[in-house]
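Heads up, the next two complexes both have chain A, just with different partners, chain B and then chain C.
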Partner chain A sequence: MFFDSDLFLSALRALTPILLAALGGALCERAGVFNIGLEGMMLMGCFTAVATSWFTGSPWLGVLAAALAAAAYSLILAVGAVTLKGDAVVLGVAMNLLAVGLTSFLLRTVFGVQGTFDDPDLVGLPEIAGFSPLTWLSWAAVGVAAVLLSRHAWGLRLRGVGEAPDAAATLGVSPVKYKYGAVLASGVLCGLAGAQLALGNVTLFSENMTAGRGWIAVVAVMLGRALPLGVLLAALLFGLAEAAGFRLQGLGLPQQATDAAPYVVTLIALFLTTAKRRRKTGAVA
Partner chain B sequence: MATTPTATASPAARVLRSPVFFSVVAAVAIGALFLIGTGADPLAAYGAVLTGSLGSDGIGSTLTTGTSVLGMALALAIPLRAGLINLGGDGQLVLGGIAAAAVGLYSPLPAPLTTALAVLAGMAAGALYAALAALCDIKFGVPLLVSSLLLSYPAASLASYLVRYPLKEPGSSLPQTPRLPEGVELPAFGTSTVTLGLVLVALAAVAYYLVDARTAVGYEMRMTGLNSRFTAYAGVRRGPQTLRLMAVSGALAGLVGSVGVLSFPFRFLDGSLTAPGYTWTGLTAALLAAAAPLGTVLASFFFAVLQVGGLSMERTTEVPRELTQVLQAIVIVFLAARLRITWRRRKGDVKA
Partner chain C sequence: MTPQPPDPATGDTAADGPATDDTAADGTPAEGTGTHDTTAHNPTAHDTPAVELLGITKEFPGTLANDRVDLTVRRGEIHALMGENGAGKSTLMSVLYGMLRPDAGTVRVEGREAGFASPGDAMAAGLGMVHQSFKLFDSLTVAENVVYRAEPRRFGFVDRAAARRRVAELAEAHGLHVDPDARVGDLPVGVRQRVEILKLLHRGARTLILDEPTAVLTPAEADALFAVLRSLTDEGRTVILVTHKLREVMEGSDNVTVLRDGRVVARLRTADTSPDEIAAAMTGRAVELDRIHPPGTPGDDVLTVDGLSTDGVHDAQLTVRAGEIVGIAGVAGNGQSELIEALAGLRPVTAGQVGLSGRDITHASAARRRLAGLAYVPEDRHAVGTAPAASVADNLAMGHHRTSLSRKGVLPPKAVREHARGLVERFGVKASSPQVAASALSGGNLQKLLIGRELAHDAPLLLVEQPTRGVDIGAVQNIHDQLIAYRDAGHAVLLVSAELSEIRGLADRVLVMYEGRIVASYPKDEADERTLGLAMAGAAPTHSVEGA
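And then the complex of A and B:
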């Protein structure tokens, strides 16, 4: 069997970091902040998680520190794009570059190694019923975000701030406060994504280890139209393509073809969904 | 605001009050804090950056790095001038390199003609691939930012496949093509590593300057960047313009790829074109200069100095060279936070 439960399980493992980051991106999108700094925030989370787990011996403290560090890092976007009204795209690109430089710099000054820090004494996250606790958390987060955005006053105000900031302001809802909230929440989620990547999927830190996952999360937000369930499906599609790729590799397809598969599948999915939306609305996007 | 200097301000005052100057100074100051934090002497470290990159030992290396950085900066500045961001530079660069390597290895023509053909093949490969990203935007409504980025990964995989199987050097343990035949290379200046590639990239910069300043196409490009609704109203067709600008952008990225293959190490080695991060450095330079031609050249030189100088800083002060990458990003963080203030005023809320 090609599509068996093993394939599905490995897809679920691969998808956790992307899902967490994409949920953060979706919250920002809903609040009207285009966040392409997910990759950098996640990388900061990876490094903080590994460093904290190494020095304290506790992966849980690592997870907590990663969430806090990435949230602090996300303030660059909040201050730059919301308060100073800077360009969010440029800020995001700069944050991603800064994270690569900063974590590589710290890797060398703190650990004295170049490339990869990998030590048998580094403690990773335990598994609960076959999955990392952060995987369970990510599924819970999908539900919470879905309910929050569609039912709770906070979520409705957040959407209002994103769609009509002036109208929200006249109703006494501070757009700045909600936008900051969304960006900080995305920071926390990306920090958790990074912790999952560096203490769950593997137990090490290597330079630029996020390797484009933050960008995939940006695409998942777009593909899932910033809906929590949509984002879950989009991330699942990517995870399945990746897992299927590994499987095909076993059947003799070159590794490079399977490396490329998730990106091609995502691009095709984008084609299909935008084409469908166009037919429905009759608009030329 | 400091970002909209009046016509009466003296040039010196304008420089001091420009956001670019502020960002660079702020980044250098923060870098000094980092250096003090690691126990290094900031003056010695920055001194090592300058002597290492501009001294007689380093200038050749700075110009070689500068060739690639400037080429990629131009590639990304040209669409940026019209408000488009091409995030697929790596893919276009790598395809340019592998196309140049394939032509260089298999063309039956004499060496000089093969070299020229290889450069053209590299440019064509990059241009076609970038045009594909533009088509995704125009025809299928996938935003250019995303389409160019997503296409970049499969391109790198394709090149990686080609260099591991059909084009692999027999018997080598590295994923690399054989060395190009004798004479299939860009002529170097004297014994240095600086090649004709620098001249080609410099010519591209001059061409960009002239087109930007003197032609209708350049005017349309700048106006689209400032206010795309206005130019659409005035009859500039967005689709064909995007396609053209992306093709030129990809061609330049492909040029950088072919220059990288047709000079040392005279072969395509998997990952060697993208590892130094020319695409991102180039994008940073283009952003710093707001895609203005002269500014892009200056910013590229500045970043090449940082990149090469970082190595000698590491040798003399034991401060990791990654610090220069941090500085580069900090410049753009500061700039991005201040830049939009002017853009917004001029553009209204086009992006929203």
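And then the complex of A and C:
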């Protein structure tokens, strides 16, 4: 059987970083900030998690530090796009490029290695009932985000800010505050995503180890229409594609072909959903 | 942001007032539902004006927007604030509403001195404003829009049942019929305006400021709005109406204050004044309102439309001759826009024939139609007529880029500038420079720009929709004169307008559209208001309508 429970379990592991980052992206999208800096924020999280866990011996401190570092890194987007009204796309791309360079540089200066830092003494995250604690957390986060967005006063205000900041401002809601909140929250979530990737999925840091997962999270935000449950479904799709890619590799397909699986799925999914939405509404959100 | 405990008085989770985020928990409670005892806030309110502005002065670089303006609005009245674009109405209202700080002067609301730092403060003091461009969230429901930032809450969660109930009660009490669960984006403009008013009532507004409320409404919707406003004043609320529409001021207001060039030039009791007096105060000169222009002398057929059908239009038959203005009257949404779009090449024709100066243009592209001799002033001057982010000069060049301005496909910047300068001067467009973005122009100036650009084509046929919607009285006359001059120069004009007085004043022949059909055709001297009104309501005498 190609589609068995093992495939599904490995899909669930593979999707956690994408899901966490995509949730952050969805919050930003709802607040009206187009965040394509998820990849860079996640990569900062990876490095910080590994470095902190290495020096303190505690993966938990690694997770905490990753969340804080990525949140601090997200301030580039918050200040640049919200306060200074710069172009969020340009800022996001710059953040992604900067993160690759910065983490590679730090890898060399802090650990004195190039390419990959990998040590048996580096402590990864333990598993709880078969999954990383961050995987459990990511599922809880989906539920919390869904309820907050749709039912809580904050969610209503956030959605309003994203849709019509002027209207929100006339009613005394500060669009700037809500946008900062969303961007910082996405920083925290991307930091957790990075920690999961570097201390959960594997236990190492290598240059540019996010390898496009942040970009796939951006696509998951679009596919899921920035709804937490939609984002979960989209991330699940990519997780399955990634797991299936590994499986295909085992069946003898060249790695270059199987590595492309998530991206092929991305293209197909984007094509199908936009085509369908066009037909339905004539416009895409 | 703190969870709001249920209000023991009402047993309901009370919506907090429009205080700032930090003070939300102890914010002013909204008035109780059901009872509308607005005097409770101020026992001596009967003598105290609802709003008093004293000596308000506000200067912007280069302009004195408000020059020692005094305005007194008594409680329970509908007070019209009138003036042309740029007279200082918006500045004055922004000062009152806490959006601008005056350089000098005093603001008093219900007798208390108030210098609001933000609209939130103004709302907390019982003011509320409906902006000209609505401030609504299209994807949210009516109830969500109404309670936004003043939600009935339970542990921080929006109590949606209470919100719906609150909206339904307010709607019922004030005759503002809306479905609390409808998505605002799906609602027509008239209903959106009700949502805006409900928003203010939910926040306990005792004085409502409405900025150009009828600019986007049909006459019937406007009448309904005034009925609502009157019922609001009957229960003790106050309405400030910012407008330049004379008719509704005469019909709907108690007092009028007129601003010109930042100063108060007249304070009038509506009952004792006349439209001519107000118009003269607004413009500083005698204005002839609703002038009926003498008919033109028609020549050959320019536009011939034979059995045209398109989505929303059935079997339209009409002819427009050179030296003639044909007006199309009708309640908005009866196919006028669709007909004009089909003629302009923006909507496919499903049946029939369209001829322009003897050429068949039924299926021609918009560009070919323009080459064949068509110019077009669309109804939506922001989205269709102009490119708001482009400069005045570039906007004026559009459409001329293929013809007079093009030098072998290149647009010499100097030619574009000269072209712009010429048109700006000829049509009196007020712009600080031709390089300024079109979005910086007022509605009236933008319309002058658009009409100037299209008239400059000297095309045999001009299609023009709502030429004076939202335009100053002074500018209206100017635009009407331009259209008459264009006709007298031997061009054909097809005019669509929601203003009957405009159609009657300009058109040599009036067609009436009802439910997608041209149901009546009258020569100028038979097109009186009553006849047209009946035909617009679908009660025209049934006779075959030929365009000749």
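One rule holds in what follows: the second predicted complex is superposed on the first by the 281 of 285 C-alpha atoms of A that agree within 3 Å, B and C clash if a C-alpha of one lies under 4 Å from a C-alpha of the other, contacts with A are read in each partner's own complex, and residues count from 1 in each chain.
We take it that a contact is a pair of C-beta atoms (placed from the backbone, for glycine too) under 8 Å apart; a residue touches a chain by one contact, two chains touch by 3 or more.
From a predicted model like this one, the values you see are computed outputs, not experimental measurements.
After superposition onto chain A, partners chain B and chain C are found to sit side by side with no clash. After overlaying the two complexes on the shared chain, residue contacts for A:G212 are found with chain B alone; chain C is out of touch.
In the superposed pair of complexes, A:Q256 makes contact with chain B only, with no contact to chain C.
Between the C-alpha centres of chain B and chain C, as viewed from that of chain A, the superposed structures give an angle of 80°, to the nearest 10. Of the two partner chains placed by superposition, A:A244 touches none, neither chain B nor chain C. In the superposition on chain A, no contact is made by A:L38 with either chain B or chain C. Once the two complexes are overlaid on the shared chain, A:A78 sits clear of chain B and of chain C alike.
For chain A, the partner with contacts to more residues, out of chain B and chain C, is B. Here chain B and chain C sit at a least CA-CA distance of 5 Å once the structures share a frame through chain A.
Within the complex, the chain A residues that touch chain C are 151-154, 156-157, 159-160, 163-164, 166-174, 177.
Put simply, chain A touches chain B in their complex at residues 36, 76, 79-80, 84-87, 89-91, 93-95, 97-98, 100-102, 104-105, 108-109, 212, 215, 218-219, 222, 254, 256-257, 259-260, 263-264, 266-267, 270-271, 274-275, 278, 284-285.
Chain C contributes residues 1, 18-21, 118-120, 123, 129, 131, 135-140, 144, 148-151, 153, 156-158, 160, 199 to its touches with chain A in the complex. Listed in rising order, the residues of chain B touching chain A in the complex are 34, 38, 85, 136, 140-143, 145-147, 149-151, 153-154, 157-158, 160-161, 164-165, 280, 283-284, 287, 320, 322-326, 328-330, 332-333, 335-341, 343-344.
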